[in-house]
Every structure is written in C-alpha cells, then in structure tokens.
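Each of the next two complexes has chain A plus one more chain, namely chain B in the first and chain C in the second.
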Partner chain A sequence: MLLLQLTLNGVQTGMLYALIAAGFSLIFGMTKIFHAAHGATFVIASYAFYHLYELSGLHWTIATIGAGVAAVIFGAGLYLLLYRPIQRSEASFFTVFIAAFGAVVVVQNVVSIIYGRGFVVAQTTLSSASEILPGLYLSPLVWISVLVAVLFFAAISLFLNKTNMGISIRALADNPELVRTFGMNPNRLSLYVFIIGSILAVPAGIITTISVGVSPAVGHHVVMISLAATIVGGIGSLTGAAIAGVILGVAENVALYWVGSQWTEAVTFAILLLFIILRPSGIFGRAITN
Partner chain B sequence: MTAYLLTVFVFICVNGVLAVTLNFILGYAGIFSLAHAVFFGIGAYVAANMALYVTTDLFVSSLAAVAVCMVFSVLLALPALRVRGEYFVAASLGLQIIAVTIFSEWHWATGGLGGLVGIPSPTIFGFKISGPLPMAILGLSCLVLVTGIIAILVRTSLGRNLMAIRDSESAALAFGKRIAAIKVLSVAISAGLAAIAGSLYAYYVRFVNVESFMLDTSILLMAMVIIGGTGSMIGPILGAFMITSLPALLSYVPNLPAQHIGSIQQIIYGLAMMLLMVFQPSGLIAFFKKREKSDVA
Partner chain C sequence: MFKKVLTSGLVTLAFLGSAAHAEDQTIGALFPLSGPNAEYGDIFGSGAGMAVKHINEDGMLSGTLSLMTEDTQALPAQGVSAMSKLVSVGDVPYTLTSFTGVSKAIAPIGDERGVVMVNGGGVGPDLATLSEYFWNVIPLADREMRALVPYLANERELKRFAIVYVDDPLGESILDVLEELVPETGGQLVGSHSVATTTQQFSGIAATLRSQNPDVIIVASYGAQQAQLVKQLRDNGVDQQIASYTAFSIPSMLNLPEADGALFTSQAIDRESANDVTERFFNDYEAEYGKTPSAYVINYYNAVRLFGLLAAELEKEGLEITGPNLLQKRKDMVEFEFVGAQVTFNEDGTVTAPIEIREITEGRSNAIAVVAE
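The block that comes next holds the complex of A and B.
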C-alpha cells in the first residue's frame, strides 16, 4: 500500500514536472535558447498567485490570471531584453546560460527580500488528504494535476499541429532562415514560443504553491528537472519531455520506498546519466551520438 | 583589515586555480563542465583527511588529492566521449548533483553535512605555514604554478590537439588523432590541478563541508571563465578576481539596509552578469584586446 501511495504521489509530482519540462523543452527545441531562467518564471508565477490569493484574498481565478500575466511578462521580457540582444552578437550557448543564471540570482533575491527566504503555502481545502482505501491517503490535487496536465497538453499539441502559428513555430525549429524566406518573422515567432513556454510553468507553480509550498530558491531545482526531462525525453520532443517528466516524478517518489529523501535528486540524475551514456537521443529523439 | 584583504586574496587564488583549470577543458577542448566543483571538493576532502589522519606535509597531501581527483575524473571523461554540447552539460550537471549527495551522506570520509573540522596548518619540509600572509604567498605560488603548467601544456602538441578537437572533431579524427585518449588525459589534468585549489582551500579555511562544493560553485566557476574570456590565460584569472572580489567590494557600499545586505549584494551580482553578457559577451579580456588593436591603429 505504501508503494501505491508513493506511486500516486509520484504521479502528482510527475504531472507538474511534465508541464514545467514541456515549457522548457518547447523553448529550447524551437528557439535553441537554453532558458536556464525557466525556474525563475516558475517562482514568479508561484509568488504572484500566493500574493493575490493568500495575501490579497482575491478569488482563485483572478489570482491564476495574475500569475499567468506575471509569468508571461517575465518570460517575454527576458527574451526581448536579455536573450535577443545576446543572440545578436555571436554568443555561445554559455553566454546565454550565464546571463540567465544572473537573472535567476536576481529573481531569487528580490523575492526573498519581499517575501522572506522560507517556504510559503497558499491554504486551500484542496490539499487536505482523505483516506480513500485503508492506509491510502489522497488529496483532490492528484486528480486536479492529472486533469490540468492532460488539458494543457491537449491544447498545446492542437496548437502546434493544427494552427498556422503552431506550424510556423515548428518550422522555426527546423530552419529559421526558411521561415524568414516565407515572409514570417522568426523573432516574433520566438517571442510567442517564450510566451507559451512561460504559461506552461504557471499551473505547475500554482499547484505547488497550494500543496507543498514554494521558496525563492526552488527555481534551480525546477530548471534541473526540466533539463533532465528534456534530455531523457529527447530534445525537441514535447511528448518525450512530458513522459520523461512523469517518469522522473514517479521514480523520485517510489525511490523513497528504498532510500531516504536526501537521495531523491541523486536518483533523478542517475537516471539522466544512464540515459546520456546508454541512449543519448532520449526516448523520442533522433540519434545524436557524435 | 589587512587580514581581510589577504583572505579575499587567498580566495581569489583558489578560484583563480579553479577557473584556469576549468578553462583548460572549456576554452581549449570545448568540454563545458558544470561539475568542476566536484573535483575542487574531492581535492579538499582528500587533503583534509590526509592532514587530519596521515600527514600535514603540503606536498604529500596535495599529491594525494591530485592523484585521487585524476582517478575520479574518468567519471567526467566517460560522458565526454559519448556526447557533446548541451548533452554533456546535462551529464556533468548530473555528476555534480550525485556528488553533492554523496559528499553529504558519506559520513566517515566527508563528515556528512557537518563537514571536517579542525584541519591543522600545513607544513613544507617541516616548517609550519600559518597566518594570512604566508597563506597568501602560498596561494599566489599555487596560482602561478598551475597557470604556468597550463600555459606550457597549451603550447605542446596536446594543446594543439585539444583545440583541433574543439574546432572540428571529425577533422581531428581524420588526421589520425586519438580523440578518446586526448579527451581523457585533458580532463584528468584539469581535475588533478583543480585538486590543488581544493587542498589550498582546506588548509586555509581549516574546515570543509559540502556547502562549498555545490552546483552554485560550479556555475560561478563557469561564470568566471565566461566573464573573463575563454581560451586565454589571463581571462579566467580576471574573471576569478572580479567574481571573488565583488562581494567584498560591495560590503564597503554605505547605507545598505543591514537586514537585506546579502540579498542586495546578490542582486547587484546577478545584474552585473546579465549586463556583461549583453554588452561584452566575449568576456572582459576583449577590453584589453580592443585597446591593443587601437594602439596599433
């Protein structure tokens, strides 16, 4: 029963990881920008929700919209003010990484000045667990996170496969020059990718805020998980990132059956290392070994 | 006051050694490692254990640290042989995270989260080295020694082979270069020399715990190399100087609210990184190069 409990906890975590990783993977796959500040978007969305819902006492729908707006402003702003100027000069992958890391440091410390360094939780009735079966405790959040993840993934795959803008965005990943030849603006498409990717971090941020809570330093963890899921799933594959996110979430929780909680990150990254050494192209990626 | 400045100076030397050794694989071989703090850590733990239980002789304990680091460097070389680019970054990140977990859980070797305390001062041929000034001299000698070794290595055939691999792996392969051996060797050299910084750090601070060897340290080392300028000797040292002395300089800024001083320092720090990358993406070294050019003109 404990194993089942851990698996279900893992599913909840995994769904959130899948959403976060999908945003990161989308941005990285389509624009080739290593958006290491994706975790900062998550932190901003979470704290925006916390502020509006818990501190200002607004209705949860308004708080959710507020969190979405904050995430989009931050993600798009970062692209326009930081990444695009850097890309203009022939910058390496790591120039972007260091700049993004700088942004993470700034966000983390601004948030800790305003809200303190500790964890904050928004109180709702949703997070209270009830006993479903003898010894099995579940809160409605498990179902909500599964539902939200499925909804968002359905929406994003519809968008990418059926709409014109979605198709152009996928073209951007293959050949930005060709996109320009067809009269579309790669920069504008990249901006849309950043907006969508940032929105994907919002539901995960909100559900984390009302379940286990968030701290200003949680951004690092979010980026590491996103990166791991992106690689395990295969770069450029949203489905891969999503499935890998679920696998990592479940593995992290089920591992608790055998080892202490201090080993969870090590478990995640051991899986990542195994994949990189044995199957670097990931679950759905193309072969890339050099 | 002087003691404080000397302390900052020793840390600049420690970080300088780390940045120079990281740049050896990053700038010359194109191996973007986010796990350099792991070797810094292994070096520090080995030196600390040697000092506590075997000998305080600086040479013996540093050599032991170098040897152990070179052995463990295989763990980083293995993924480097398989993948490049962002895949390798992710692999090194994985190594870093797993290493931190092991550092904090392997109690008898690392003292767990509490770390190893009461490390005695080092001795050279029986003479005890203690106090800020002798340590600063020792730190500077380490930095000069390591930079010298790397500067020579870069000019040998190994260095040219590395740059060839960085620029085009298939071309180097076509010229009959043994890429695997060259990569393994360069990673071993980088990790081994990083152990010297670990040893110096352990002896100076006289206390090591996992906090100093986490992902943040690896990222900061990466930042030093990038901010200073990759693929040069002076660049990483410049970067190490800047990143290490910035918090110290910021502590002289008046009228900061005491309660948030740490956070405000970090914010200035983060902003500086962002601005530098936007306006000077090839690193601080470019300022100097530009001036040279304009002098000629």
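The block that comes next holds the complex of A and C.
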C-alpha cells in the first residue's frame, strides 16, 4: 500500500512538473531563448492567486484568471522589453541567460518586499487527504492535477497540430527565415509562444500554492526541474518534457520506498545524468550529430 | 586677519581632537537576507537594529555605533564570503552570526583574526566548542531537547518518537541528541527522515510516517521548509503531535492553521522582571512593530547590547575596542543586564537560561510549562 501511496503522490508531483517543464521547453524549443525567468513567472502566478484568493477573498475562478493575466503580462512583457532588445543587438546566449536570471532575482525581491520572505499558502479543503482505502490517503488535488494536466496538454497539442498559428509556431522552431518568407512575423509568433508558455505555469503555480505553499525563492527550484525535464524529455519536444516531468515526479516519490528521503532529489539528477550519458538527445529529442 | 586664521585653526584642531576621541564603531551581522530563510534575517535584524538605536540614543559609546549586515542566505559558503568581507573590508571586532552551518563555517576565520562572533539563532550543540571568540546568547539544541523530550515522554506520555530533520549540521546534531535522550526516557525512536535543505515535497514522508505510527514527530528544520512540512503532514493524514525547537517561533509557523497544537521550546523570558532594559525593549518593540518580539529578536538585541556594555567599559579604561579586549572584558565582567534576565556566561561562551515549552494556538504561542535548568 505504501508503494501505491508513493506512486500516486508521485503522479501529482509529476503532473505539476510536467506543466512547468512543458512551458519552459516550448519557449526554449521554439524561440531558442533560455527563459531562466520561467521560475519567476511561476512565482508571479502563485502570488497573484494567493493575493486574489487568500488576501482579497475573491472566488477561485476570478483568482485563477487573475493569476493567468499576471503570468501572461510578465512573460510577454519580458519578451518584449528584455529579450527582444537583447536579440536585436545580437548579444550572445549568455547575455540573455544573465538578463533572465536577473529578472528572477528582481521578482524574488519585489515579491519579498510586498508579501514578506516567508512561506504563503492558499487555504482550501482541497489539499486535505482522506483515507480512501486502508492506509491510502488521497486529496482531491491528485485528481485535479491529473485532469488539469491532461486538459492543458490536449488543448496545446490540438493548437500546435491543428491550427495555422500552431503550425506556424512549430515552423518557427525549424526555420525562422522560412516563416518570414511565408509572410509571417517571427517576433509576433515568439510573443505567442511566450504567452502560451507562461499560461502553462499558471495551473502548476496555483496547485502548488494550495498544496505545498510557496515562498519568493521557489523560482530557482522550478527552473532546475524545468531544465532537468527538458533535457530528459528531449530539447524541443513538448511531449518529451511532459513525460519527463511525470517520470521525475514519480521517481522522486517512489524512491522513498527504497532509499532515505535525503536521496530523493539525488534520484532526479541521477536520472538526468543517466540520460545525458546514455541518450543525450532525451526521450523524444532529435538525434544529436556532429 | 592673522587672529581670524589662528582662531579658525584652533577651532578646527579642537574639533579634530574631539572627533578622534569619539570614535565611531561598526559591528558586523551575518544574516540570511535572501533565499528561503530570509524571513529569519528580518527577525534577527529587527532585534539588532533596535539595540543599535538604543545604544546610540543613550550615548553609551563615545561615537556612533552602526551595523554592517551581510547576506549569508543561511548557507556556509556564502557565510564564509560574507565573513571575509566583514573582517577584511569592514575591519569589525565583533559580529553577530546565525544558523549552525554558517556559524561553524565562519568560526575559523573569526578565531584566526581575533573577531568575536555572537550567535543568537543557531542551536547546534557543537557551537559551544568552536572557539573562545565564539559566544552563544541562545540555549543550544541539546538543552532545548533535554527540556522537550522528558516533557513529551513523562507529561504527555508520548513514547514513540520520529524525527524529520534537515540534512545539515543542525539537523544531524538534533538527531544525535534524540538518539541519546529518547531511550533514556523510556521511549523509542521509530523513524528518522532526513531531507535536503531544498526539499519542498513531503507527501512521501507523510506516507512513511503513517506506516511507522509514532506518538510524536520532532521537526528539526527551519524557515519556509518547516512550514511546508507541517502543512503537508497534516494534509496527508498525519495527525500525531508535532514538536520542535525555537525555529517554530516565526510568523509563517504561528500563522499556519495546520500548526495549531504544535509544541516548541524556547528560552523563557521573564517579561515581568524588574528590569528597565526589559520594559523599555518590550515597549519600544511593540510600538514600532505592533507585535510581541520572539526569542530570536531578544537574542539579537542582547547580542548587540552585550557589545555596547563591553565596549563602554573598554572606553572607560582607555583601551582599544578589539576582539581580544572584548573577550577579556567579558571574562572580567561577571553579570550582564539583558532583556528578561541578569545573565552569566559559562566558561564555554554559552548562557544558561530556563527553557519553556510553548504551544501554537490560533496564530500565537503560549507558554505551557517552564523547565528550569
């Protein structure tokens, strides 16, 4: 029963990792921008929900919409006001990385000033587990996490595969010049990618705020998980990032059955290391050639 | 013309003379100002800042006292860099420090350079043995656990203990103390779970704790992590008694509904003691911050006040304010008037204070038992 409990806990964690990683992977895969500030988007969505739901007492639907708007404004704003000017000046990959990292630090400090540096949580009964079988406790959030992740991935998959804009965005990853030749604006498409990627961080942020709680410094952990899942899943593969997120979440929890709790994070990075050595292209990544 | 020049020259000389006599002092502070434990930095800083303000208002020293605070993020490596800066750039004779891991990392630097280090936040028992320049104004974890474990075993009849501890010197030292103390009180340590300092998911630990079925769970962590841990234990059906040490006294723990009923230890502060220092501190703190100060605030107030008392004595005797002189003066002076008590230092640089057991109830904590040492 303990193993089943740990597996189901892992599924909930994994679904959140999948959503976070998918947003990061989408942005990185399509625009080639190493969006280290994806963790900051997560923090902003989480605190916006906390503010509207917990502090202002608004209905959860309004708080969710507010969190989405805040995340989109931040993600899109960062692209337009920070990444685009840097790209125009043809600065290096590292300039973008440092700028993004700086944005994470700024967000962390601004959030600390407004909400304090401690941990905040949005209180709901959804996070309380009940015993559904002897020794097996599950909270409604497990099912909500699975449902939300499936819905989001179905929607984004439909969007990328069945709509003209989605196909254009995929083309952007392969050949931005070709996209331009067909009369489309790569900058505008990149902006859409940032909007979609930022929205993917919102459900994960909200569920984390309810189930685990967040602090201003949580963004760094989010980026680490996103990066690990993106590499394990295969750079540029949304499905890969999603599956890798679930694998990492389940492995982190199930590992407790055999090893001490201090080793669970090590398990995540051991998986990452194994993939880098044995399959550097990741689960669904393109074959790496010289 | 000559008279004017002479007069202004004499005035300048007189001014320079008095400025040289009234020497401004700077002491250091190594606090976490960013990262998941930054909440502690605010708390520590509020106590230290109020003591600096009081010392300057009272003219306790000939010059002005100021605090040079460096961010450690509660991490040893950052602590070493910050300490190096305080010693090399700030040239401070005295610094406040916090967190067991940071304190252990910086102690060799302070010891070598003769800088007094005063801890008011870390509770690892081996902080008592780092250096004669390392002093503690907070009771260390072994003392807190020696108060807590017998109370839980004898008064509450909780015999099956489990511990969730952070994988750093603080957590390991509390585990060591429990492994020794629990069998002594007729109890049994049925589970021990170490977590990395960055771990945020504890539902798996909750599941294993449920299967171990302890009577009481000791939490040996700090900052945002301990609040996340307690919330997730409660959310995942762990309803046993939770207990911890002074680290539970921060607002994010007290305000957490899931922490209701949790017990923690803290040094007992006698607010009613007939002591002007205590009365002034509580009145000013409550007026400025609108809340009752925690033990951490008091510790760092006392740590800065200790510098003020020692440095004032050195100035009276015309001695330079250096680490070695401060150390000698502390050994010479028998008692210090601190907030809450007259305090005497032990040989190893620790203070002895009664410990109280506090219970979290609806956003605040109340003392439910005092264990005298």
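Here is the rule we go by: the second predicted complex is superposed on the first by the 286 of 290 C-alpha atoms of A that agree within 3 Å, B and C clash if a C-alpha of one lies under 4 Å from a C-alpha of the other, contacts with A are read in each partner's own complex, and residues count from 1 in each chain.
Basically, contacts are C-beta pairs under 8 Å (C-beta built on N, C-alpha and C of every residue); 3 or more make two chains touch, one makes a residue touch a chain.
Because the structure is a prediction, the values reported are computed rather than measured.
Answer with clash or fit: chain B and chain C placed together on chain A by superposition.
After superposition on chain A, chain B vs chain C: clash.
Just to be sure I read the superposition right, which of the two partners does A:95 touch: chain B = first, chain C = second, or both, or neither?
first
When the two structures are overlaid on chain A, which partner does A:113 contact: first (chain B), second (chain C), both, or neither?
first
Once the shared chain is lined up, is A:262 touching chain B (first), chain C (second), both, or neither of them?
The answer is both, since A:262 touches chain B and chain C.
Looking at the overlay, what does A:65 touch: chain B (first), chain C (second), both, or neither?
neither
With both complexes overlaid on chain A, does A:165 touch chain B (first), chain C (second), both or neither?
Touch status of A:165: no partner.
Return first, second, both or neither, reflecting whether A:273 touches chain B, chain C, both chains, or no partner chain.
The first partner, chain B, only.
Where on chain A do the contacts with chain B and the contacts with chain C coincide?
108-109, 112, 262, 265
Which residues of chain B touch chain A in the complex?
Touching chain A from chain B are residues 32, 78-79, 82-87, 89-91, 93-95, 97-98, 101-102, 104-105, 169, 215, 219, 222-223, 226-227, 230, 260, 263-264, 266-267, 269-274, 277-278, 281-282.
Would you tell me which residues of chain A are touching chain C in their complex?
The touching residues are 2, 5-6, 9-10, 12-13, 108-109, 112, 116-121, 123, 127-131, 135, 137, 139, 211-213, 215-218, 221, 252-253, 256, 260-262, 264-265.
So in the complex, which bits of chain A are touching chain B?
Chain A residues touching chain B: 28, 34, 82, 85-86, 89, 91-99, 101-106, 108-110, 112-113, 220, 224, 227-228, 231, 235, 262-263, 265-266, 268-270, 272-273, 276-277, 280, 288-290.
Which residues of chain C touch chain A in their complex?
34-36, 38-39, 41-42, 164, 167, 193-196, 198-201, 203-208, 210-211, 223-224, 227-228, 231-232, 235-237, 250-252, 256-257
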